[in-house]
Amino acid sequence: MQGGLLVILTDKLFYGINYLSGNEFISQLIMVIVQIMAIFAVISLAAIIQVYMERRICGFIQDRLGPNRVGPWGLLQTVADMIKLMGKEDIIPVKAQRILWGITPMLLFIPAALIYAVFPFDDGAVFVDLNVGIFFVMAVMSQSVLMFLLGGFASENKYSFMGAMRAVAQMLSSEIPMAFAVLAVVMVSGSLKMTDIVAAQSNMWFIAVEPLAFIIFTISILMEINRTPFDLVEGESEIIAGPFTEYSGMRWALFFLAEYANLLSAAILTVTLFLGGWHGPVLPGILWFLIKVFLVIFLFMWIRWTYPRTRIDQMMALSWKVLLPLALFNIAATGIGIYIYNWM
Amino acid sequence: MNIYILYPEITVLLLTLLIVIMDLLLPVQETRRSLAYIAVMVLGCLFISLFYQYHFGISPYFYNKLFYFDNYAIFFKQLFLLAVIFTIMLSLDYADDLRYSGEYYAMLLFSLLGMMVLASANDFVTMFIGLELMTISFYILAAFKNNDENSSEAGIKYLIMGSVATAVTLYGISLIYGAGHSLDFNVLAAETRFFVPLMLTGIVLLIIGMFFKLSIMPFHMWSPDVYEGAPTPITGLLAMGSKAAAIAVFIRILFVAFLHTANYFLPVLAVFAAICMIGGNIAAIKQKNIKRMLAYSSIAQVGYILVGFCAASPQGIKSVLFYVFLYIVANIGAFAVLTVVDKQNKGTDDKAIAGLSKSAPLLAMVMTISLLSMAGIPPTVGFVGKLYLFLAVVEQGYIWLAFIGFIMSMISVYYYLRVVKVMYIGKANNDYINVSAAIKITVIISMLTTLLLGIWPQYLSVLTNFAAISFAL
Amino acid sequence: MTEFMKMLLLLVVAGVFPIMAMIMPLLIEPRQPNEEKNSQYECGVDTIGRNVPRYRISYFLYAIIFVVFDVETVFLFPWAVKFNVMGLFGLIEMFIFAGILAIGLAYAWKKGALVWK
Amino acid sequence: MHVGLTQVLILSALLFCIGLYGILVKRNLFAILMCIEIMLNAVNINFAAFNYFLPMPDLSGQVMMIFSITVAAAEVAVGLAIIFKIYHDFKTVNIDKINNMKG
Amino acid sequence: MTDSLLSMILLAPIVAVVLLLFIPPTAKKSIKLIAAMATGISLLMTIYVYINYDNNLGGMQFMQSIPWISDLGVAYTVGVDGISLPMLFLTNIIGFAAVFSSWNINERPKEFFILLLILLTGVMGTFIAGDLFIFLLCYELVVIPIYIMVIIWGSTKRVSKEYAGMKLTIYLLIGSAFMLVGIVALYLQAFPAGMRTFSIAALSQAHLLGTLSQSFQIIVFLLLLIGFGTLLSMFPFHTWSPDGYAGAPTAVSMIHAGVLKKIGGYGLIRLGLLVLPAGAKFWAPIIIVLALGNVIYAAYVAIVQKDLKYVIGYSSVSHMGYVLLGFAALNTISLTGAIANMVAHGIMSALFFAMIGYVYEKTHKRSIDKLRGLAHQMPRIAVGFMLAGMSSVGLPGLIGFMPEYTIFLGLFKVYPFLAIIAVSGIVFTAIYILRVLQKILFGPRNYGFDAIPDAKGPEMVPLFVLGSVLILFGIFPQLLLGMINGTIAPLQSFLQALNNEPSLLVVWGGIW
């Protein structure tokens, strides 16, 4: 089978394991576990890199240095932070509803990790190529709002609760434009499978076909993952830290991790849907993919440190009164466009 | 794919959208009567045009026989149109008081759309959509009165019971689907493996769900509260439209999809019919609120209609159609009167209608005739309808059912006449009730139809015969 | 190894991973709880009764609109996938459907459901 | 463990019963609404399972499921709206207290 | 012309109803005039029909038939024979009288006369219908107007008028429910599908075809007996009758006692006997026993009544016993007597109620104890009372004598012992009638009533009309009996054939 670098690597690994174990099922199982481990490694590693990136870029944009003490160019700063978080005391607030409060950070991690299953990292390098891929992604992605709500509710804290409600509001407004933007892509590609969508972009990226959808999608995915300028959920200056107010130590770190996992998946999603996925000249697919993903992450960070936080009513108005009509219009335009294209 | 047979539904849908849009364009303070007039006009034209759609020979169908446009469907569509047209007419004054009168008309039309789909549905998907479109619209309409606790209560009770009924129905359908491997009535009719436990459970659940929707006696507990609390015109539409629509599809389910099992469920239906007739009538006796009384009476009426089911013959179905028609006409009259009374006297209990014969003789007369028609006293059409029903069922050997039916319909006269008594000898609240032209037209049409058809039912009889032979019984 | 099983495995691992992450710090974290530390994070004054603020009705208006629109997408996705095949019929269908959606949106907009009061 | 039609049907039946039980036991309107949702979702599972496990001539089960989801959503939307109205009128969402009409 | 004569008789009140709908309620005089004219026209046409009916020919005459509801086999058929024509005549004459006896109604007269005319239409339609469907239509049409008239214009004495009205209505309707079941079964059984018809003439031939088995006839006849028997105030089902009459306004009492009850007897003969002969034969012994209950028990109760209307109410129950006796003897003579007795009792009880109505209207008293010596102040009313009373006792020369005599004659042939018991009922009748007449009409003058005027003007019309008929038929009974006999006599062989059918007694005997 045709495949990119990653696929060749995995195949080699599989042959090796198969040779050692001699049982196809067991070796498959081991392969799956290895793949899962890889996914988690990617998530964890990406989080560390992103935090570092974020600080450096922030520093750059704000015309200062950023972390530069721990390790060369401050590279180990994030690792140090991790260790610090591990060593922190786990404070359980007395009034909180303990069980709900306790499981929230763990639950939050599940949807964040689950969507990685369907991302095509390289030609053929996809954990599970679901036939409803993009639909699955959207369905699972919106689950995280439940955890926000749960955490905020179980904390028995005003700020948490307000943050949770904001999270819900934000999800309410981001989901629809995002779905409609994705819809346009699906219309063009004719499939919900992520690999098919990427394959459809081998000649032309969808950003060229669907520029409007790209813009709508980008804005609404920013809302979806609570990035500034839509970080109302944890607007520090307003509601402390939103749903995470009562969390500390490792629990808080899990929130943090999930958030950066989401940021990465948002970037991957953007790349997959609009920027041609792993397609690119000369270089192997995986490299192109990484380059694009980090460029998109850079774009997100750039946006973050450029724009101020919106008010909730502004955000709702933007999504319902601007993005949604635009998305509807975009679908109509795409429909006509495809019809004309087919007719010609 | 002959899409033209969808034209009644498409017309209604476009009309609804038009009304929604117009409602948006009108300034907030302005009255929404113009919307009602447009709706009545369009629906009226549609009603007349449907007369030209009756046909001999093969019935046109849409998309894989999921959607029939046979005479039966046309007849029911006309019935629903009639019910909704008159509901709109009698709620003209009423809707002016509502905060969202534009939506009120739109929801009425949505429910109409649901009913019309139901009448044609020949598979469970279509049926489900129609049923829910209608029911959900009714949830909203039942709770429509602003700042009215009873209305809210009616809405939530209807919602909960209706949703449970939906869930039960759906569960039944899903089991039937599993056993019969299809949702299409025609395919299910060809299915012979009816005595799989899965199928039987499904059928039982489905029938229970439908009984909920029809408020057959042991499953009726929601209906009196909902009838009492809902806005009066909506109570009327609930009593006529929603029941008629559920009956329309119930007949199709029983006599198209599950015809093979008819011998097994007909005795059960007969028992339920008897329970309805006895229980409904007896419970109605002690009601003080007339809307509530009509709720129980409508339970009894559904009992009579079920009697027609038991006949399981073209005559039976014909008598059901006939009865449904006359029931709708009678209800139009009764609820038009109640709407006026409710608006004038703020209530629908005995006190509110007392002395109506002095303050509004026309209304008192119409009310009397409508109630008598429901009781089945000549020369109203109710008598002919009951005669048809019981003739059909006695022919199949259910003489005990006819016996109960006749006795109970005579007992029902007791509580209907109680209303008449209050209207004629009670002390009036006000000297003169102003009756708007729309209501006058409505009640006069209802009364004349009731009387004329009672004396000379030939045309309606022919029409219902024509509609009933759509079934291969 | 079906897709389903793979997904399930991922789900399980995703559930286990945070638990592992929670167990690890147990070894090194300090444990000195006290009343002040464990109290709710408020502005210094204890709240009487339950600490849940009232929230706006607007949330629910949005929620209702959201539910409706979100479910519409369920219909739109299958349609979008098969759009290329359906041709003119699909296009007209789309216009009807999107038109009704647009009317719904316009309705909510005009009625003030989209105003954050 | 083998997951076949029977297991899925048992699951859906359990869900259905849980929902029904909830409706009978719960007094909070929101909880009741949720229980109704559970019941409807049980049905959806049934449809999907039948369509998946049995040799069906078409996809009508899945179509039905999609419609059922939609209808459930509409029902919830309407239900929520009515519950607001209830709260506005009665200042409570306890169904036992919503009992103006009797008889 | 002669074809549609009966329809025109039926239509006259309906036209008047439509006219009345458009007349303002305040125009009281015109309302009454229109009602009087409508009933008058009907009456005149009826008299024309009565005179032109060919006794020698017998059977249905003045027939008219129009297809009505094709799929039920209903045709609008009207026609009269020797059984129904006297009834029609009775209806019209009492209707005419009733309008005038209600001349003083000033409370909501428009509605009153509309309902009265509808009532009359219903009764007339019942008698002339040649089709069972039309019969039913008209039969049940009468109940509701009566109810409304009782609750609005009735009087509350011993029982409230609402109670009386409701009791009357429910009794009659429940009775009719039994009857309806019977008729539905009859309709379905008589002819095979496709040939079904509601035509009474056709149904009367059905037993000859053998489609109506004996047991079927027995069951259906029982249902009809309960239905019509209730209307006829047969013994256990009679309690509505005195209460209803007491609560009802004069006109309703007149029509109800005079005409409406007779529908029961008429229906028993027309449907019970002619369509289901075996059933009639089977139940005849039971009917006789119940009829004796009527005659003796009701008369006995009438003796102790204080209220005038109750006396006459029970008296009418008692008289209906004679009709039942005549019916159950099942021979031509007794049947003729039964029909004639219905006419006779109709006329006299209507006259009675009209007179009571006047007395009550003028003195506001109905109690026998409180009234006395009325003959001093109101001789005309006293004449009416006397005519009716003497006729009721069965004085020869008045209408009451011949029919009763004929009934006993017929009954004696079949059940001599029972006939003797029945005759003793006459003694009771004489006791309570004479007691009433003596107490209220005669005796010392009651000066309290001096200021009260006698009946005059339009009020005299009922007295005159009913009284003259009373005397006319009394002196020339052949006018009535001849016509009835013309129809009944041909049934001789039909009734003869019944002797072979088993009756309840025979069956019982078999069991013993």
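Think of it as A, B, C, D and E in the order they're written, each chain with its own count starting at 1.
To be clear about the criterion, a residue touches a chain if its C-beta (ideal position, glycine included) is under 8 Å from a C-beta of that chain, and two chains touch if they have at least 3 such contacts.
It should be emphasised that the depicted structure is a prediction, and the values quoted were computed from it without experimental measurement.
Novice: Which chains are shared contacts of chain A and chain D?
Specialist: Common neighbours, chain A/chain D: C.
Novice: Of all chains present, which has the mean Cα position farthest from that of chain E?
Specialist: A
Novice: Which one of the chains is closest to the middle, using the mean of its C-alpha atoms?
Specialist: B
Novice: Between chain pairs B-C and A-C, which one is joined by a greater number of C-beta pairs in contact?
Specialist: By number of C-beta pairs in contact, A-C is the larger.
Novice: Roughly how far is chain A from chain C, going centre to centre by Cα mean, in whole Å?
Specialist: Roughly 14 Å, centre to centre.
Novice: Mind checking the centre-to-centre distance between chain B and chain E? Centres are C-alpha means, answer in whole Å.
Specialist: Result: the chain centres lie 42 Å from each other.
Novice: If you average the CA atoms of chain C and of chain D, how many Å lie between those two points?
Specialist: Measuring from centre to centre gives 19 Å for this pair.
Novice: Approximately how many whole Å separate the CA-defined centres of chain D and chain E?
Specialist: About 64 Å separates the centre of chain D from that of chain E.
Novice: At least two partner chains per residue is the criterion; list those residues in chain D.
Specialist: 74, 81
Novice: Taking all chains into account, which pairs touch?
Specialist: Result for touching pairs of chains: A-C, B-C, B-D, B-E, C-D.
Novice: Using the touch definition from the top, list the residues of chain B that touch chain E in their complex.
Specialist: Residues 357, 361, 368, 372, 377-379, 383-384, 387-388, 390-391, 394-395, 399, 402-403, 406-407, 409-411, 413-414, 417, 420-421, 424-425, 454-458, 461-462, 465.
Novice: Which part of chain C faces chain B closely enough to touch in the complex?
Specialist: Those in contact with chain B are residues 100, 103, 106-107, 110-111.
Novice: Mind listing the chain D positions that touch chain B in their complex?
Specialist: 9, 12, 16, 19-20, 23, 29, 32, 36, 39-40, 42-43, 46-47, 49-50, 54-58, 60-61, 63-64, 67-68, 71, 74-75, 78-79, 81-83, 85-86, 88-90, 95, 98-101, 103
Novice: Quick check: in the complex, which residue numbers of chain B touch chain C?
Specialist: Residue positions touching the partner: 17, 20-21, 24.
Novice: Where on chain E does chain B make contact in their complex?
Specialist: Residues 68-72, 111, 133, 136-141, 143-144, 147-148, 151-152, 162, 165-166, 169-170, 173-174, 176-178, 180-181, 184-185, 187-188, 193.
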